[in-house]
Amino acid sequence: MSWIFKYVNSSIGKKQLMAVTGGCLLGFLLVHFVGNCTLLIPDEAARAEAFNKVADTYASLKFLLYVAEAGLVVLFGVHIVNALRTWRENRAARAAGYEVQTRVGDKSLPSFVMIYTGTFLLAWLVLHILTFKFGKGVFADIIPHDGQITLYDVVSFWFSQSWYAAIYVIAMLCLGFHLWHGVGSVFQTLGLRHPKYTPIIEFCGKCYAALIGGGNAIIVITCFLREACK
Amino acid sequence: MAEKNISVTLKVWRQASADKPGKFETYKVKDVSTGSSFLEMLDILNEELQKEGKEPFAFDNDCREGICGMCSLVINGVPHGPGRGITTCQLHMRSFKDGDVIVVEPWRASAFPVIRDCVVNRDAFDRIIQAGGFTNINAGSAQDANAIPIGKADADAAMDAAACIGCGACVAACKNASAMLFVSAKVTHLARLPQGQVEKRKRVLAMVAQMDKEGFGNCTNQYECQAACPKEISVDCIAKMNREYLSATVVEPA
Amino acid sequence: MNYNAPVTEGAKLDGHIPEGPLAEKWTKHKFDLKLVNPSNKRKYRIIVVGTGLGGGAAAASLGELGYKVDCFCIQDSARRAHSIAAQGGINAAKNYQNDGDSVYRLFYDTIKGGDYRAREANVHRLAEVSRNIIDQCVAQGVPFARDYGGLLDNRSFGGAQVSRTFYARGQTGQQLLLGAYQSLMRQVHKGTVNLHVRKEMLDLVVIGGKARGIVTRDLVTGQIETHWAHAVVLGSGGYGNTFFLSTNARGSNCSAAWAAYKKGAYFANPCYTQIHPTCIPVHGDQQSKLTLMSESLRNDGRVWVPRTKEMAEKVRKGELTPEQIKEEDRYYYLEERYPSFGNLVPRDVASRNAKMVCDAGLGVEASGRAVFLDFSEAIGRLGEDVVRQRYGNLFHMYEKITAQNPYKTPMKIYPAIHYTMGGLWVDYDLMSNLEGLFVVGEANFSDHGANRLGASALMQGLADGYFVLPYTIGGYLATMPPKATELTGDEPEFREAAKGVRERIQRLLSINGTKSPLEFHKALGHIMWDNVGMARTEESLKRALDEIPKIREDFWKNVKVYGKNEEFNQNLETALRVADFLELAELLAYDALQRKESCGGHFREESQTAEGEALRQDDKFAYVAAWEYTGADSNPALHKEDLKFENVHLTQRSYK
């Protein structure tokens, strides 16, 4: 069994754990994003119904939902713990910096700020879960749309708050940045590189990043403007 | 193109030894021919320092034609200075303008401690090769060289990776001081050839373990190493090593 | 040194060539050599100095056999020895191309290429083991060039009419050295080899007439250490840097070999130096080294200079560009003088002619020390693409250094010191006259005679290290009982040698003069290049012999060496090496003065044919000149080893 211990503590093992968990989270993000898209339905009643239906579908999974949530916790946990471990090691490996800081490669800014975008996302994630998962009913100001408070009411309420919406938009830009580098990185770290396919993977990864990051941000902005213009 | 003479200001890292703190010193070097190499310019600096009764500046160099891997200066933040696919000794003063300020620093990595000024200790690289960067073959026991045909594509890819000169620019360029490009170049070189495939799993496990032990950082796929590499070794090697490492972990019995 | 006094001649030397037919000597000798019991091998300690193809391969192979090896190099890693810079390739009599190659043909070409000044038996052995080298290197993972069928590719090289050169792009030396380095690292890991990097050998310790250890300086801490062994192997390279500017690495030096010479090992044929015709010219007085451009360029490039001095003067001043010079005003001197070989004359002839036209004031470049190598005709004939395919990497390298585009304007080239065939004298077993001192690779004198063929240096280094020394050193060690001959490294001889080294360093540090070591090295280089370079005369050699002692004297009075011994001190390293070059230079010139014939890389203007070609004098000079150190102020003593040619017929070369 010592080989498992060796692997998860090796530099490549740590990165591959991040890659695998990151890769799984990509799937989660996509599913989540598709659900979010119901918020773009123009008619309010239909929108609320569709959105709540998505939420209810998840809730109806009951036990399975807990399993899925536990899975997500593990994915995020492994991803984050390894990110912090490698970050600390990387800082120690380059204890002294250079007088002149410059970059020579072709990679753009997102690749150099992964730890910052990631940290911001972690903080945002806490807020996100607090307000949307556990926040229902806690905050008295929420006005039910249709009798009892639904998740749609919670979302509408929070997205009408300008500061909250602003944090969300920034978080989604961070997510886009994170994915811009992250998707291609998953493949490289797992060794899935090929002269024919890597350019395609890189391109698709950036499209995906733009879709998830940009798409979610647009949803938030749309919700905010809709409330603001009421 | 006619060469001309230029004068430059150098901001050079001076450090008496590993355990003493270092600092930058500023020197002027006048009337250097743009046809001189960067190291020849440093030779001039040293001759002048000596005339002024000052200690010469220490920097590693040997072949001065870009193959031994000894020279190792970070010039204006870039390992081996401006220009792709060259070592410091192949950098010429025509890459600079009259009046330029040039900052010269050593490779910065915890695994490469400074010995003096811009000379660093790269023994860690040797220890990584010792861990497994070879084929287990004794002199005299080889079969005929043409006994195993090797496809041209494999031979060429092995050669691409084998071109590594072990200078450490990849480590110097990486913000994590990761040695992945160096290690993966050797792993790829040998794993690409039938002669090296016999022990490829054992090799990659041993070399990565040693690399980690030396205190190099982790790869975060920014590919600065590839851009700084004087032999333009590709990060394809890193992907290959990631793959080899994973499969070795899964398959190797112990 | 009094060069006017008659040469002191000592006893003749015996190369210990085994009896029997040429092709069977090595096989028979391997059987005759005594063996060391496998379980006894680890009781023997062997010191190897240098980690190039000779030293690195030797240390690795000896470790594989089970000896306890201490291996030393001056660089920060064993992978950086100067063998790494070899470009072209390595010869081997594999006959994979089915073009009539054989061990005998490689032997014959090498003997002839060496202008009949090498030992037949050594060269034949070299040709025999050349085949094993390729096998060994492939097994190590050396990525030699291959064709589409997956088999090894060959190219042809100077001095041969068969394709027998194996290559790994333009980095053959690098790949071979990395193969040896990796084998060495494997032994370090196994614990058989103890590697000492950044440690420089400064003296040899001789006890009871046998080489038993060395004194080293740790280049990081300055610590002077003694190391004992049952045998010492030197693979410390050549002495080309005596000329200051050469294609050698900056760190390449003669100090280890010179220390051995001063402890009684004979130095053979120091005047045999090879000058490579196609190097990038010197650009000013600040240049630190010269870069070689592969000889293959002369296949399609045409060498010329302006026909008149006036025109050359204008080119030098930049008033006239080479393209503006009309065809009839271009002096294609090689084509005109050697109609049948033209631009493809051997290295020595091409080099000498370049010097002659430059001496006549026809040289180009500001210094007047360059000739054109012009591809315009080839580009016109073949098209730029074909030229790019053949020479693209060389053109690229040229442009990187000179910032001139050789597709548009002719290259400028000039000869430069490249390799030294001379070195410490060794017998057939690669053992010096000092028992227990073995010398491999460029550091010995053995296999190339007066001129080395292209792609043969790599072959010799690896042959010595992988396949010759591991056998012959066993034959020597078997005569020593390992335990009874153990030492501590603290015997009086060791203490004496270490004291001598410390005193020498102290003396250098305390001179506190005004000139840097580099200034002396440059001054020495000028004298050597001008007087002991491509063409030597009695007068020039005597001039050099007058001048060298003056510089040496000035050095020991006026050198300024910074800092102290107990630190990383590159200034001190340089000073120690320059001090040795200043001594070796004198022996080199003295040997050149005594050899009144021309042969290979040694051209005495007094000895040439009516056409101006090198004229050997086999009746007088068919010997190896091995010099014995007799003291700082007295002339060295000459020990001749007669060269016997039983298999090849000596002929005069002609390229007209």
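Labels for the chains are A, B and C, by order of writing; each one numbers its residues from 1.
By definition in this document, a residue touches a chain if its C-beta (ideal position, glycine included) is under 8 Å from a C-beta of that chain, and two chains touch if they have at least 3 such contacts.
Note that the coordinates shown come from a computational prediction; the quantities given were computed from them, not determined experimentally.
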* Asked: Viewed as a graph of touching chains, is the assembly arranged as a line, ring, star, complete set, or other?
  -> line
* Find the most central chain, measuring centrality by the gap between its CA centroid and the centroid of all protein CA atoms shown. => B
* Return the distance between the CA-based centres of chain A and chain B, expressed in whole Å. => 37
* In angstrom, rounded to a whole number, how far apart do the mean CA points of chain A and chain C lie? -> 64
* Structure fact -> Rounded to the nearest Å, the gap separating the Cα centres of chain B and chain C is 27
* Structure fact -> As the complex stands, chain B meets chain C at residues 1-3, 16-17, 32-33, 35-37, 39-40, 43-44, 46-47, 50, 55-56, 58, 60-65, 67-70, 86, 90, 92, 94, 115-116, 119, 121-123, 125-126, 129-131, 133-146, 149-152, 155-156, 158-159, 162-163, 165-166, 189-190, 193, 195-196
* Spell out the residues on chain B that touch chain A in their complex, using ranges where they run on. => 11, 13, 24, 74, 76-79, 103, 105, 108-111, 173-178, 180, 208-209, 211-212, 215-228, 235-236, 238-246, 249, 252, 254
* **chain C to chain B touching residues, read off their complex** => 57, 60-61, 64, 75-80, 82, 84-85, 94, 96, 132, 134-141, 143-152, 168-169, 171, 173-175, 178, 181-183, 185-186, 188-189, 195, 197, 220, 247, 249-251, 283-284, 286-289, 291-292, 318, 400-404, 466-467, 470, 516, 518-519, 560, 562-563, 567-568, 570-571
* **Of all residues in chain A, those that touch chain B in their complex** => 3, 6-7, 10-16, 86, 89-90, 92-107, 111-112, 114, 181, 184-185, 188-193, 195
